Amino acid sequence: MSDRATVPAPRRLTRWEHRTDVPLLVASLLYLAGYAVRVLVPPHTEPWNDAALAVIGATWFLFALDYGVRLRLSGLGRRFVRVHWLDTLVLLLPPLRPLRVVQILTRVQLHRERPRLSLYGRVMAYAGTSALVLGFTASLAVYQQERDAPDSTIRTFGDAVWWACATLTTVGYGDAVPVTPLGRVIAAALMACGLALLGAVTGSFSSWLVQVFARQQDDTGPPESR
Amino acid sequence: MSDRATVPAPRRLTRWEHRTDVPLLVASLLYLAGYAVRVLVPPHTEPWNDAALAVIGATWFLFALDYGVRLRLSGLGRRFVRVHWLDTLVLLLPPLRPLRVVQILTRVQLHRERPRLSLYGRVMAYAGTSALVLGFTASLAVYQQERDAPDSTIRTFGDAVWWACATLTTVGYGDAVPVTPLGRVIAAALMACGLALLGAVTGSFSSWLVQVFARQQDDTGPPESR
Amino acid sequence: MSDRATVPAPRRLTRWEHRTDVPLLVASLLYLAGYAVRVLVPPHTEPWNDAALAVIGATWFLFALDYGVRLRLSGLGRRFVRVHWLDTLVLLLPPLRPLRVVQILTRVQLHRERPRLSLYGRVMAYAGTSALVLGFTASLAVYQQERDAPDSTIRTFGDAVWWACATLTTVGYGDAVPVTPLGRVIAAALMACGLALLGAVTGSFSSWLVQVFARQQDDTGPPESR
Amino acid sequence: MSDRATVPAPRRLTRWEHRTDVPLLVASLLYLAGYAVRVLVPPHTEPWNDAALAVIGATWFLFALDYGVRLRLSGLGRRFVRVHWLDTLVLLLPPLRPLRVVQILTRVQLHRERPRLSLYGRVMAYAGTSALVLGFTASLAVYQQERDAPDSTIRTFGDAVWWACATLTTVGYGDAVPVTPLGRVIAAALMACGLALLGAVTGSFSSWLVQVFARQQDDTGPPESR
């Protein structure tokens, strides 16, 4: 009666996602590390570059496999591509793959037990982690584009991280700025995503602070009434 | 009894707006394309420039016609000019006309069926599209003003788009800045509108994220209770 | 029985404020105009400078008179200085006086009749007008400080207005920046006030947009049910 | 029956915190003053530097003592380190110690009597004071790092304060920017904290303004109905 074949597809999908959470999280982190090694290690440092390439290829294969299995289990057919557009995008545009780290981290944390953070705390944690991962990835990508460009102001990876900080927070000093077309496209993407994510962090922090102060007020009655 | 003449004016106005939605949307896009051609194509490239001028003239005529018909059908007389101030402004200041694209897109989407996006999603879509259209138009207008100015830092259309990105997100690197008086007026207008529009995008994204997390919390009870 | 002496002080204060609204509004605008003339007209252009000085002196006298009468009528004694701290500050620091324009405009608009704008509309109008008046005053004050400073990047009043726009919206290009200590103090004050005021404009615009979209949703039922 | 030993630990902790509020507030201010003297006074100005060092040492000892006593009274054992993570962090990273000023000020104000400020007023006061203390501390720390760096644009303490203002408000002109690695790390920390704190100030100001206008509307009925 409760044999495997009759289990509805979405439930098997949920089970699959449960089981693959931790492996995929590890794969995402490995991909990010591989990409960082590719960018930061000098061009012809052989063992490192080969290892990084192998890791990037292997993790990409794992993500493609997971995408295929979930597409089949979901029973959505082609609609899966549109419904899970973020997964599709991440599969096609490798540099966006680190976003999976955030997605999976959130899922793992939700499944484990009742979340310990308050609602605003979780929004802050999610948006803040996304912003950090995005900022780190954008630093790597912009550094790769800009380091050898003439008139570049982003010469070291430190410059790239500094640029990402100033951009994400919309401070924008202008002392380190991308000058290549591709670097500017990456920067514009970072601005758009970063603005929304940091706006969510700021907004949630504000709401949380108001909540904390509102509670303190309730707790602190006049001393004599205690 | 229900003959044409007794149909109240506002209802005939609604019917008119229903019918002209798609033609006006096409006209707005044509106007934007014509303006882009005028700015981006070199000065004496004859067939293109003539075609662009013709398109701009024709679409302006269409908008004026639509304005006149709606003024008559509304039965508001002169008050129409003040009530529909955005339409009036757009009629007089051609570079603002692309704003009609957003206005009409929103109306088309609302009329079609029950909107599929959530409330915050629609606010984000509306404000985000407005910001994109505004940014693109401001890029064209600033490029037109600045490209030949001495000491200009906006030499190519790519520079103008990069400047518009940095301005809309309030990052403001300062590597590409308008230096002509008219360029600065356009920039100030973009800042004022862009700030409000992107604030709406950010705020709605934040509210939407809090909503999503609040729902996830409700859905995820303790595992044993399922 | 209802003779003057028994009218409670606060009520006489309200009556006084009613009667002086329009004269004080005119005086504020005159003060702002006088200050603008003093800054913008070349140093030894005699008739203008003398007139501007006379206007500044006369309006200052009027504000001091109003402050004194209100202090007496309020019946608060010395506490008036602290309760109405904005008035006190404005009396001592002349360049802040234009703020009275906003304060009085708001009071006039509220007294006239039921306000016609929605709640968010009024917050936007108030915060937006305050930001404009503040920005204009800061432009004048910074221009006065910076125009003759060595290495100054603010050489014309147009530069000062451009700087104020970039600062109020937190874009901050950095192409026009105050370099004198006093100019920087004025800039910091503008940043602090402007940030809060424009934040209020942005926040209210966002809330208003969400409200408008929420209403549209309610109005637009499925077409067949109409 | 009600002898000392039976008083539950948390209550004795509360009593301890009550008694140490004012001394710790004074100690925090002394620490901040000592740090400021260390940074701002020329290197070999003997009496001042020695006094500052003594004050810094003594206040650090007081904070460590307070931390130890609270750890014991709380009855939390090692968990205290994690629960009161801000206190732990402040104990280890001296430059963050001024944050205690804000924390203690808030506690003092809450204990004294029913707070006089509205909810939003208190959030604004707390976040604004935190931002000021953070900005001042960051100015000192960045000035210490940058003043002797080659190509530095922060040469005087005034420059550092100006930089902190432009950074906290996210204006970011870029005329004064840290160039040393440690200076940039401090700047990034200021951006992250400042953004959240000033976002809370702006958000609360906006909410407060909406509240004030909503009340005015209720109070101002049509004149004849009064």
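A few remarks follow.
Should a chain be cited, it is by its letter among A, B, C and D, assigned in written order, with residues numbered from 1 in that chain.
Basically, a contact is a pair of C-beta atoms (placed from the backbone, for glycine too) under 8 Å apart; a residue touches a chain by one contact, two chains touch by 3 or more.
For reference, the UniProt names are A, B, C, D = Potassium channel family protein.
Given the structure is predicted, the values throughout are model-derived calculations rather than measurements.
Chain C and chain D touch with mostly distinct residues; of the residue numbers seen at this interface, under half occur in both copies. Interface comparison, A-D against B-D: more C-beta pairs in contact at A-D.
Relative to the C-alpha centre of chain C, the farthest chain centre belongs to A. Between chain B and chain D the centroid-to-centroid distance comes to 44 Å (mean Cα coordinates, whole Å).
Measuring from the averaged C-alpha position of chain A to that of chain D gives a distance of 31 Å.
Across the assembly, chain A contributes 166, 170-174, 203, 207 as residues in contact with two or more other chains. Interface residues of chain A, counted against chain C in their complex, comprise 170-174. Residues 158, 162, 165-166, 169-175, 198, 201-203, 205-207, 209-210, 213-214, 216-217, 220, 222 of chain D touch chain C in their complex. Here chain B touches chain C in the complex through residues 110-111, 113-115, 119-120, 122-123, 126-127, 166-167, 170-174, 177, 181, 184, 187-188, 191-192, 195-196, 199-200, 202-204, 207, going by the rule given at the top.
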